[in-house]
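Pasting a structure below so you can have a look.
Labels run A, B, C and D following the written order; every chain starts at residue 1.
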Amino acid sequence: MNLPQVIEQATLLANEMIAPEIHRMELHAPGISGVAQPGQFVMLGLSGLDPLLRRPFSIHQCTDNSITLLYKVVGKGTTAMAQMGAPQQVSLLGPLGNGFQPALEATHHCLVGGGLGIAPMLFLANHIRKSQPNAGVTILLGGRNKQELLAQEEFAPLGNLQVATDDGSAGLHGFVSELLENIDRKDMHVYTCGPLPMMKVVAEICRKKSWLCQVSLESHMACGMGACLGCAVEKAELRPNEKKYVHVCKDGPVFNASLLWL
Amino acid sequence: MAINLTVAIGDWQLKNPIMTASGTFGYGEEFSPFVKLSELGGIVVKGISLQPRDGNPPPRVVETACGMLNAIGLENVGLAAFIDQKIPMLAKTKADVVVNILGDSIEEYEEITAALDNEDVVKAIEVNISCPNVKKGGVAFGTNADMAAKVTDAVRRKTGKPIIIKLSPNVTDIVEIAKAVEGEGATAISLINTLLGMAIDIETRRPKLANIVGGLSGPAIKPLALRMVYQVASATNLPIIGIGGISSLEDVLEFIIAGATAIQIGTANFVNPALSGELVRGLENYLQNKGLTSVKQLAGSIIT
Amino acid sequence: MAINLTVAIGDWQLKNPIMTASGTFGYGEEFSPFVKLSELGGIVVKGISLQPRDGNPPPRVVETACGMLNAIGLENVGLAAFIDQKIPMLAKTKADVVVNILGDSIEEYEEITAALDNEDVVKAIEVNISCPNVKKGGVAFGTNADMAAKVTDAVRRKTGKPIIIKLSPNVTDIVEIAKAVEGEGATAISLINTLLGMAIDIETRRPKLANIVGGLSGPAIKPLALRMVYQVASATNLPIIGIGGISSLEDVLEFIIAGATAIQIGTANFVNPALSGELVRGLENYLQNKGLTSVKQLAGSIIT
Amino acid sequence: MNLPQVIEQATLLANEMIAPEIHRMELHAPGISGVAQPGQFVMLGLSGLDPLLRRPFSIHQCTDNSITLLYKVVGKGTTAMAQMGAPQQVSLLGPLGNGFQPALEATHHCLVGGGLGIAPMLFLANHIRKSQPNAGVTILLGGRNKQELLAQEEFAPLGNLQVATDDGSAGLHGFVSELLENIDRKDMHVYTCGPLPMMKVVAEICRKKSWLCQVSLESHMACGMGACLGCAVEKAELRPNEKKYVHVCKDGPVFNASLLWL
């Protein structure tokens, strides 16, 4: 079920570095912000022919009129993005894909973000807080170090926040999955985004504890809208005649972990 | 003055020369938020094979300088599901549909063609003898003039619809192949499909595509595509559909001036999903501003 | 630990794998303000023909997406003037010089080779059977395996110096041509030369190049070049010199990992005339940082 | 005779629009400004792979530490240039080519600039004023309209300034060549840069009046330094065995008109 999509000439409102190599970009994009769901993404277009393709980014924050992206400078597209300034125009295609489906009946929600996977979690946390003001929410964030624990201040008021770092510079010295492992609860709904190995561990913990788990995947994308079939990822084979791959952009980016990894 | 944008491919009258290329436009529906499909000259759907295919393992796409490599490997729903599920949906859009087909053998091409011959929504069949991303068939037919001729002849006998043969650029002499398919009754020729390329991840020392090699598309290949269109247009009498890196009105005009009857937008659909519709209007405005009344006045107007 | 950058092409020991490509580095002297020529693995001078040539009428160059088209048409001073005027100048630079040669007939290739065989400064001869910008010879030899083999054999008999055959990418099967020249005693293969392309000025409706078509070079063609290097390296035992769109250290590494023994910088010399020298140092630093001691540890290290 | 060339990371000092589509860019480039001669040019490099090649621009003004370019926005390179701002870094290759050779013995110098061909004339006028303070200098500028008569204020103090416009909005209603035709002088040395048809008329007038004439050509360039042979232009054939073409970047851009057109 894909929601309405638009190509929107968004105006850059702010674009600032918030940690080494990590930037936050806010865009006036009422067409997209009005319909976006947590976990959905946009394809951001750069002018010129090189880089050629749009780049996918999760929606980090969403207000009535604007969306915010949290991105890491890794290559030529994100380098060009980091050099932009307000009030430049940016072409956005979105909102795309199927977002998280917060369980209404869940006794407790647990959001697990690692590294840049923290990005979509803020929108999700805000959404749950708003739509289910009384629901219990635990937020687990992980990063290599303190500086990579992004947007902590924004998360703090939204739930029970716990953090972990690989180098011990903040919170638990270890993996964010250990924080999850330590939770002792019967009914819980887990939402996760981050590096693939982390998400697989999270999904495995959930399987053992019988928690439902939704994971948000990345994949190399050309179109972001189901047309190129470039973003395939292998899924667990259920029945002999079933398709071998799902497509992150239109079947995801959020999947039930059980569909992917059994 | 009214501008005449129509062009003909055999009996098929296209509203205008702007089409979309196979594999870059899904089954059309994905683009309906951005383009009124019935306003385009035609849409070419993702290549269909007799049996459904899963396609190649990921990663399947990687960007290169002004271009991209893909190794989708012809993932598609297969002929039966296409007819059952996609044709009725396409009929509703009122778009002029071209079906791109691919077989592992001449018999498969025949069987698919015969099945599509019954479908009214299908205005023409584009025969892909140039896919670099599948092991059997595909490009093997497209790089050998005799084989290309045989496929053309076989398909020709199975349908009265226009047959567009889609050629591979990965050949020494594109004109030889074009003449071979012209001799066997092709209605038109479309070119080019992608060029075989590769990219390597220096950290892992692995190819960036799981399939090792893939097809290069996008603005990077436009000069090659334009040269081939010019060569084939000069050497054959068939209508040519120009494809390769087209991403602006200027690009469209270059191909038409070089001798293309129509053109297809490929990779550029990913960059701007609304492009094909914009180009229909852009072309009309351009002709108007230049005081021309028909796009045919431009076609093949190159001065050498 | 000392890093070993040397590689071998036949008897010729290159200081390092970084060379510059024919037609993009003049006769070397133009670049001496920016690069110490003797520090490069080798420099390949502009193609030399038996008689001087004026080249094609202008315009001769036009930029395309991430690339450029050229139709220089082998303007050069001719063999006699090259030996009289350029060789003494080149000798002074202490550079390792490769002479790129082009003939209209096998006899011409033979005559040029025989004359260069006497010149100490010439470390190897690169036989251009792939120039798309001249009417006769050139690409005609490069697109036919038999002809390519004949030229190789003929040149081979005229010199004891390493013979590098420079292949054309405008072919259906690059491996077939590579094997043909390997069979006739080529010392090494360099690839790729430019791809035949075209651009049209929509205002004048004329080709942007006076020669109508020209050779495409630059980053746009890198994926094709890399694929061909990989294919030829996998199928022959000859050292390969990779060429095509190389403009960064990462590009150099991709070609070496794919199987190239050495590489040549072409169009990128125009963008950054100091690039070739920078890449020698960049490669050394890279190996050091990765804990490697020899560039040979990288060569052909692709994991598939 | 080519002078020393460098690749210089120049710092942008100013970049402003001075007329519709015409911009002036000043760059801190002491390596180039220290040795540049009037009529020489630089190749300006843009970052990224598209546009790929450097773009050639005449040196419009030259101080001890900086050079100024005057450019028209015509395509993707110049569009990108127009968007740059101080203190960005720009890569310059130069100074390139053979500039004007002001005749020392000339009784009178006449500079004829049309359209963007005005660009190199300012450097030349300043140079002549400085090196031959007593020489007579006439400056003729032409443009399609008043707005295209660039840098008039800078030229005014340097010689006898006359202008012509195609639409009559300033000076003579007609071509700048008519101003030249009207000059009644025996010995004069003419330097011209502008559209090819204009320069050919100027050269023809000079031939008839026996004035020596130096013209500055343009051509499509890839390297700017004599390596690619891309910038060839046909020259007048003098002797049967002579080369048919000259190369604008290293044989020019300034040529004696007689070499090109007899």
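FYI, a contact is a pair of C-beta atoms (placed from the backbone, for glycine too) under 8 Å apart; a residue touches a chain by one contact, two chains touch by 3 or more.
Everything numeric here is computed off the predicted structure, so don't read it as measured data.
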Fill in the blank from the handout: Contact-pair count is greater, between C-D and A-C, for C-D
Exercise for the section: Mind checking the centre-to-centre distance between chain A and chain C? Centres are C-alpha means, answer in whole Å. Expected result: 47
Fill in the blank from the handout: In whole angstrom, the CA-centroid distance of chain A from chain D equals 55
Fill in the blank from the handout: Per the C-alpha centroid definition, the whole-Å distance linking chain A and chain B comes out as 36
Practice task
Find every residue in chain D that makes contact with two or more other chains and list them.
Solution key: 49-50
Problem - chain C: positions in contact with at least two other chains - result: 65-67, 218-219
Handout entry: Topology of the chain contact graph, where touching chains are joined (line, ring, star, complete, other)
Key = complete
Problem - Residues of chain C defined as touching chain A within the complex - result: 65-66
Fill in the blank from the handout: Listed in rising order, the residues of chain D that touch chain C in the complex are 4-7, 45, 49-54, 91, 93, 219-234, 243-245
Problem - chain D-touching residues of chain A, taken from the complex the two chains share - result: 48-50, 76
Practice task
Would you tell me which residues of chain C are touching chain D in their complex?
Solution key: 23-26, 30-31, 33-34, 46, 52, 54-55, 57-63, 65-68, 70, 72, 75, 218-219, 247, 267, 269-274
Practice task
Would you mind writing out the residues of chain B in touch with chain C in their complex?
Solution key: 64-67, 69, 143, 170-173, 195-200, 202, 204-207, 212-213, 216, 218-224, 226-227, 230, 245, 250, 253-254, 257-258, 301-304
